[in-house]
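Pasting the structures in now, so scroll down.
In the two complexes that follow, chain A is the common piece, with chain B as its partner first and chain C second.
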Partner chain A sequence: MPSKLTPEELKQELLKAYPAKVARKREKQIIINKHKDETSANGLPTTTEVLANARTIPGILSMRGCAYAGCKGVVLGPTRDILHIVHGPIGCSYYAWLTRRNQTRPVSDEDPNFMTYCFSTDMQEEDIIYGGEKKLKKAIDEAIAIFKPKALDIFSTCPVGLIGDDVHAVAREMEAKYPDVNIFGFSCEGYKGVSQSAGHHIANNKVFTDVLGLGDLKKPGKYRVNLLGEYNIGGDAFELERVFEKCGITLQATFSGNSTYEEFTSAHNVDLNLVMCHRSINYMADMMETKYGIPWFKVNFIGAEASAKSLRKIAQYYGDQELIDRVEAVIAEEMPAIEAAKAIHRPSLEGKTAVLFVGGSRAHHYQELFHELGMETISAGYEFAHRDDYEGRHVIPSIKVDADSRNIEEIEVHPDAELYKERVTPERKAELLAMGIEMNGYEGMMPEMKEGALIIDDLNHHEAEVLIEKVKPAIFGAGVKEKYVIQKSGVPLKQLHSYDYSGPYAGFKGAINFYAEIDRLVNASCWGLVKAPWQSSPELSASYAYVG
Partner chain B sequence: MNLKSTSKTKFTTEPGREVTQDACRLCSPLGACLAFKGVEGAVTILHGSQGCATYIRRYLISHFREPIDVASTSFTEETAVFGGKSNLLAGLDNVSRQYSPQLIGVATTCLSETIGDDVAAVLRDRVPANPEETCKVLNVSTPSYCGSHADGFYRAVRSLVTSLTEPAHETFNRRLNVFPGMASPADLRWLKRVLKDFGLEATVLPDYSDTLDGGLWSSYERIPSGGTTLEAIRAMGSSECSLEFGHALNPLDSAAVWLEENRGVKRLLTGAPLGVAASDLFFHRLQALTGCDFPAELQAERGRLIDAYADGHKYVSGKRAAVYGEADLVATLALFLLEIGVIPVLCAAGGPVNAFRDVMKGLVPDLEERGMEIMSDADFDHIEQATARIGVDFMIGNSKGYKAAKRLGVPLVRVGFPIHDRFGAARNRLMGYEGTQRLFDDLVNTLLSHNQEASGLGYSYM
Partner chain C sequence: MLLRHTTAESIVEREALTINPAKTCQPIGAMYAALGIHKCLPHSHGSQGCCSYHRSMLTRHFKEPVMAATSAFTEGASVFGGQANLVEALGNIFTIYNPDVVAIHTTCLSETIGDDCGQIASKAQESGKIPAGKVVINTSTPSYVGSHITGFSNMVKSMVTSLSESTKPGKDNVVNIIPGFVDPSDMEEIKRLAGELGVKTILFPDTSNVVNTPMTGKFHMYPAGGTTIEDLKATGDSKATLALGPSASGAAAKALDTKCKVPCFDLELPIGLQATDRFIDTLRRVAGVTVPESLNRERGQLLDMMTDMHQYTYGRKVAIAGDPDHLVSLVEFLVSLDMKPIHIVTGTPGKKIAPRFQASLDKVGRPVNLKVPGDLFHLHQWIKQEPVDLILGNTHCKYIARDEKTPLVRVGFPIIDRVGHQYMPTLGYKGAIRLLEKILGAIMDRQDAEAPEESFELVM
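For the complex of A and B:
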């Protein structure tokens, strides 16, 4: 067994291999968790500052992706009926072809689904030299002729901006040619920003300016909400749709799991936005509040308790007894199966530990599920989150704007003259806050983790190796890039991006799936074979030596 | 994934269109990353956005199910404007310090190529921050807008040879270079064993048989052990000859051509030893080089394979297949299929391959009479439409053909890269009588399984 190190000793272990300059930077990204100091001078809660959303150091192996990945792969990828054309050499389109395992469920055979396709302008050398706009226009002509989409978007890859191709001008020109098709482009070249996070922001901006508000679909129901930052990995959205329907809450639009273009266009017809993945979509929530007066709060549907809590928040927000009762009835109906599943799996997992290094919200959200199994998350961090995702939104004003974040457009939003409507008065906000519902609030990951837990932003290979050696967690939550290196050391890795080809894990049924999954992985028989008999028992060792 | 809605809609596409729909190739830096994995102590650094390294790692890792490190020079907007020199230098120093590698392979991307970074000049003038650094640094130009992953692979192998192989003072008999192309780790292991059994001192380049299909670790391995040693690459000039597997290989990207022209090592070009005829030729060459008798074990393997062909002919003879993927693999598979009596009615190379039709015509002079159609630069939409028009009994190629095969209602035999929907891709065997046997069994069983599924009656005697 690895010896028990204090958090400070562990931190020093992580840093000691670095040259001074790298160590100075990483030191600010490896933080020993400490809860709010209530006595701070300015009355604001303080946490230890995490250096997040900082540039990756060249040559230090990172888990991060690029702006294109965040824009195409994460935010827009899960929408089935916007035709996505990737403008660039072939790799970028190929690599983002269904790899995130987003699912979708067209309502009929006529309902288009372009998600299984991978469209690219497949730029060649001559396009780089002479420009690719002509090819892009022809590709759009062809795609529209073949597929007749309602909307078509263009994703810029690295060379596009550099050779001077103007995807926005092309989009405008082609839209004039095809007035029935909404055509828009994203300047999400891979070098923008410091990670995929830049791409989320770019996606939010364009969908907000070019899609939202164009439609007037109003799904029937008294309580209409949008779910922002839910991407339907492994069917999560299907489970949440089931739960919402049971509660009588209408999901107008999800950004963007199992979503359609029309839902996006009419997302302003709601009274509440629910934010799941704060990192990838908080921009949209803020902009919708400014323009339409739609308030938002943070929810988490990863974990049965968290799901129940989030549903109760929605009911309390509306304050309607009928809804409150119905939500309680649904929770009461769902919980026995949860308890039964826990009774099966918790005994073989309780007291074990997990570490989570994933995403911009998952490393926080999944702690709930592990907690329900009696497992503590002793170290966690995000790949591409910002300080607010760690420390809470109150730090936003103090986040320094650097060259990389400045390059991502902040669009100016004003209240819509006709459509702006205040949904909650300041008095009501105060009332809700008193009930524990903070509008526009997110406290981040750190307050919910134990003191002494190690927060590590943008974990790299070397640090993962030290963690395995020094704390040997029972399970490591990350992605496929990390999976096999972790498992080489005899520790199972649960893929929390693509769910290891299973799921759903959201909502109530998802929680049950997750309990069973973690039990299955942590207690798999193969881990017992990692050490040969002669390695683990001295007596056997001797006898094998003689036999050998 | 829901294929329901698309399965009923038949889209038609104009020939000569610009939009690539479901590509059948990956980008060239990926091939370079794979090739460098086959060199002992090597680390690849991609000169460009970090997304390239992340995507490429994800793709390779999902196929091999092994750890694969690819570093990046992590361009920002500033780097894209002012050039990548400082990022490259910082990246090299960091990789050098973290991994203590023997070799760093720098592969470019579309980004660094577009801005015109002169990587070779940066490397030439570079003074390592760590004075004790001993590693060799070399570069390969792999802009993603040129060719495919296969081209990136060959170019990287060639760059290893051009940068490392020294002029030789003497030539050693029974010393041999082998350039196997994009083979599976299991095929590489087989190849090395056979060469050893024949008493040859062979350098197989690249050799990722251990690095991409290794055991668990008792302690952390920063760079997994295995791979062709730098020493062996340096000495490749002293070999009697180079055996290079390939049919459609561009001579400008060929390591063996370079060795022949610059180090006087004779190049023997041959298709990969898949199928009886190709394996016979391969073993014949080994015999000629060594004077060894044809080993009895191989004789027996060959006998079993032909016996299997006889036993299985009723399932395969006269069937029609669509073959797709990397040009060399397509050509190799087409010859194998013809050998077992299957007509490869569609042979589609995913990459833009020069004169692929001529290559195929050279291998199968009567391909028109056999009804074989040849395509290059084909995407899966082209392949699906051609396959639907021609009519086939099965498709054979990488797992990305699944969607087309599903829509067409034909079975798919999975071969090549990537295989992301089946287990054990690293252990797929194709080479030699034994590898051919595995493929033949797999192929027959795929057809049997398809026929069995097609009936609701539950036949268990096929």
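For the complex of A and C:
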């Protein structure tokens, strides 16, 4: 067994191989969790400060991707009926083609679904030299002729920005040519910002300005909500749709798991926004509140207890006894299966440890599921989060805006003259707060983690190796690039981006799937077969000899 | 339907829009080739997303760790040039990860702004970022030219131009073999075949035991495999080079001929009986050895299987997509089985590619659809117009296969939904036996599933 190091000793182990400059930076990104005694101005717990959303160090084997990945891959990718053209050389579109496992379920055989298709302008050398706008326009002509979409968007890759192709001008021109098609572009070149996070913001902005509010679909129901930051990996959204329907809550639009263009256009017709992945979608929630007066709060449907808590929050927000009762009935109905599954799987997992390095919210959310299995998350961090995802939103005013963030547009939003409607009065907000429901709030990951836990932002390969050697967790949660590195060391890795091609893990049924999955992974027979008999006892004490 | 918008109706001639590509971009090929150098860390000079995507895709294909670093460009670096990032990266890489070699490839970003990696590496050398005895090579891989095959070719060529040395007047009795963008199992098979012949070879690059390593309970950042720097240098003293696949291997072989006067032999990839015959025949002539009985036996086993099962392959129509070197040999193999490859698509561009199919296509005895470069959307439309009995291609073809209820045999890159290619070759006689086993399995499984009960066969 690895020797037990103090958090400070472990931190020093992580840093000791680094050149001084790298160590100085990483030292601020590797933080020993400590809850301070004082609370913030709005009564939230405060923790130690983390350096986050900072540049990736050149040469370091980071887990991060780029702004394009955040924009196309994460936020817009899961929408099935917007035709996504990637303007650039072939690779960017190719790698984002179905690899994120966003599932979608068209309602009929005729319902458009472009998700299985990969569209690219496949820029060639002459396009780089002479400009690619002409080819992009032609590509749009061809896409509309063949696929007849309602909406079409354009994603810029690195060279597009460098050669000065104006995708927004092309979008305007082509929309004038095809007035029935909503055409818009994203300046999400891979070099923008410091990670996927920049792309999330860019995606939020454009969907907000060019799509939201154009439609007037109102799905039937008394309690209409949007679910923001749920991407239907492995069918998570399907499970949540089931639970919401059972509770009598209408999901107007999901951004963007199993979603459609029309749902996006009419997402302003709700009374509440629920934010799952805070990092990727909080901009949208804030802008919708300013423009339409739709308040939001943070939810987490990863974990059965967390799901129940989130449903109760929705019911309390509306304050309607009928809804409160129905939600309680649903929870009561779902919980026995959860308890039964827990009884099977928890005994073989309880007391074991996990480390989670993923996403901008998942490393927080999944701690709930591990907690339900009796497993403690002893170290965690995000790939592309900001300080507020770690420390809570109260730190937002104190976050320094650096050169990389300044390049990402902050759009100015004003209340809509016709559509703005205040949903909750300040008095009601205070009442809700007293019930533990903080509107527009997120406390972040750190206050919920134990003191002494190691928070590591933008974990890299070297640090992962040291963690495995020094801590040897029972399970490591990360992505595909890390998967086989960690598993070669004899530690199972659970992919928390792609779910290792299984799922769903959200909601109640998802929790049951997850319990079984972690039990399978941690207790798989093959981990015990590493040594061949002759490796376990290599010394020969006697040997067979042929006697003729 | 998964691809519900694809129809058989008149095919729109597209000039600008690629739909469902049958290729990806250069850097991933360069990264893969660099993994075939012993103790080498590939480095992607561009924004970090490229490196992340390439590592992810290679990882999915091999189910193995794929280590590579990035210059992590920001907007500032994109405007002012990536020199500072690359110099800093090299310093960090050698301090933290300690490889023997760093093989840098560019991206569309660094190519568009015109970074000269060779010059930057010299700067890094001057400023002491590269420790003594360590090697840095670089290659130019603009994503907007060619395909992943071009990137592989460029990196292999750079191994020659940077490392190969002719140290003496005469040549050693060693034959260089460049295997092309094939799986580690295939590289192992080439070495085994050369071993059977008793020929001393240098295979480069060589990803066997790099991306198909055993599970030992310990992670090795630099596994045991890969062509060593010594061997790469020594390629200049070898008596000949066999380039397997003109698209992926031809350029390096030619460069070695030019640089070190090592004569090169351009061959198609040894997939199928005839292409393997030509490989063995060329190798034995070049090396001056006799083909051992063991190889005659392997060849005979393959031929035996081909003759025994001919009724199941004869006249079957096939649609096939993949990389040019794979395709040319696969088509030849299919034709030797009297199958009819009627729709053929590669995404890799190149004027010299289509003529390589001609000899095989002349034997098909009917018109064949061939598109270079084409995409899978086009292939699918052809299949809708004239259905086939079998599809050969990478994992992306499974969407077509399911919609068209047509069996798929996975070949080439990437295969991200099945395993086996890491360990079992497609090249050589044994590889052809495996390929034929898969083709027959697919055709016969379908017959078993669809045959009327009265004609359900026990013996096939």
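Here, the second predicted complex is superposed on the first by the 522 of 548 C-alpha atoms of A that agree within 3 Å, B and C clash if a C-alpha of one lies under 4 Å from a C-alpha of the other, contacts with A are read in each partner's own complex, and residues count from 1 in each chain.
Here is the rule we use: contacts are C-beta pairs under 8 Å (C-beta built on N, C-alpha and C of every residue); 3 or more make two chains touch, one makes a residue touch a chain.
This structure is a prediction, so every number in the text was calculated from the model and none was measured.
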{"item": "Overlay on chain A: chain C relative to chain B, clash or fit", "value": "clash"}
{"item": "Chain B versus chain C as contact partner of A:I57, first or second or both or neither", "value": "both"}
{"item": "Which of chain B and chain C A:E372 touches, first, second, both or neither", "value": "neither"}
{"item": "Which superposed partner A:D458 touches (first chain B, second chain C, both, neither)", "value": "neither"}
{"item": "Contacts of A:I163 with chain B and chain C, given as first, second, both or neither", "value": "both"}
{"item": "Touched partner set for A:D519, first chain B, second chain C, both or neither", "value": "neither"}
{"item": "Partner chain(s) touched by A:T104 [first = chain B, second = chain C, both, neither]", "value": "first"}
{"item": "Intersection of chain A interface sets (partners chain B, chain C)", "value": "17, 19, 22, 55-69, 85, 88-97, 99, 106, 109, 112-113, 116-125, 127-128, 135, 138-139, 142-143, 145-147, 157-159, 161-163, 189-195, 403-404, 407, 461-462, 465, 468, 479-481, 483-485, 487-490, 530"}
{"item": "Footprint of chain B on chain A - complex, ascending", "value": "17, 19, 22, 55-69, 85, 88-99, 101, 103-106, 108-113, 115-125, 127-128, 135, 138-140, 142-143, 145-147, 157-159, 161-163, 189-196, 403-404, 407, 461-462, 465, 468-469, 479-481, 483-485, 487-490, 530"}
{"item": "In the complex, chain C residues that touch chain A", "value": "1-5, 12, 14-21, 23-25, 27-28, 43, 46-50, 52-57, 59-60, 63-78, 85-86, 88-93, 95-97, 107-109, 112-113, 142-145, 147, 213, 215-221, 347, 377, 396, 399"}
{"item": "Chain A partner contacts - residues on chain B that touch it in the complex", "value": "1-6, 8-9, 11-14, 17-23, 25-27, 29-30, 45, 48-59, 61-62, 65-67, 69-80, 87-88, 90-95, 97-98, 109-111, 113-115, 143-146, 148, 214, 216-217, 220-222, 352, 400, 403"}
{"item": "Contact set on chain A toward chain C in their complex", "value": "17-19, 22, 55-69, 85, 88-97, 99, 106, 109, 112-114, 116-125, 127-128, 135-139, 141-143, 145-147, 157-159, 161-163, 189-195, 403-404, 407, 461-462, 465, 468, 479-481, 483-490, 530-531"}
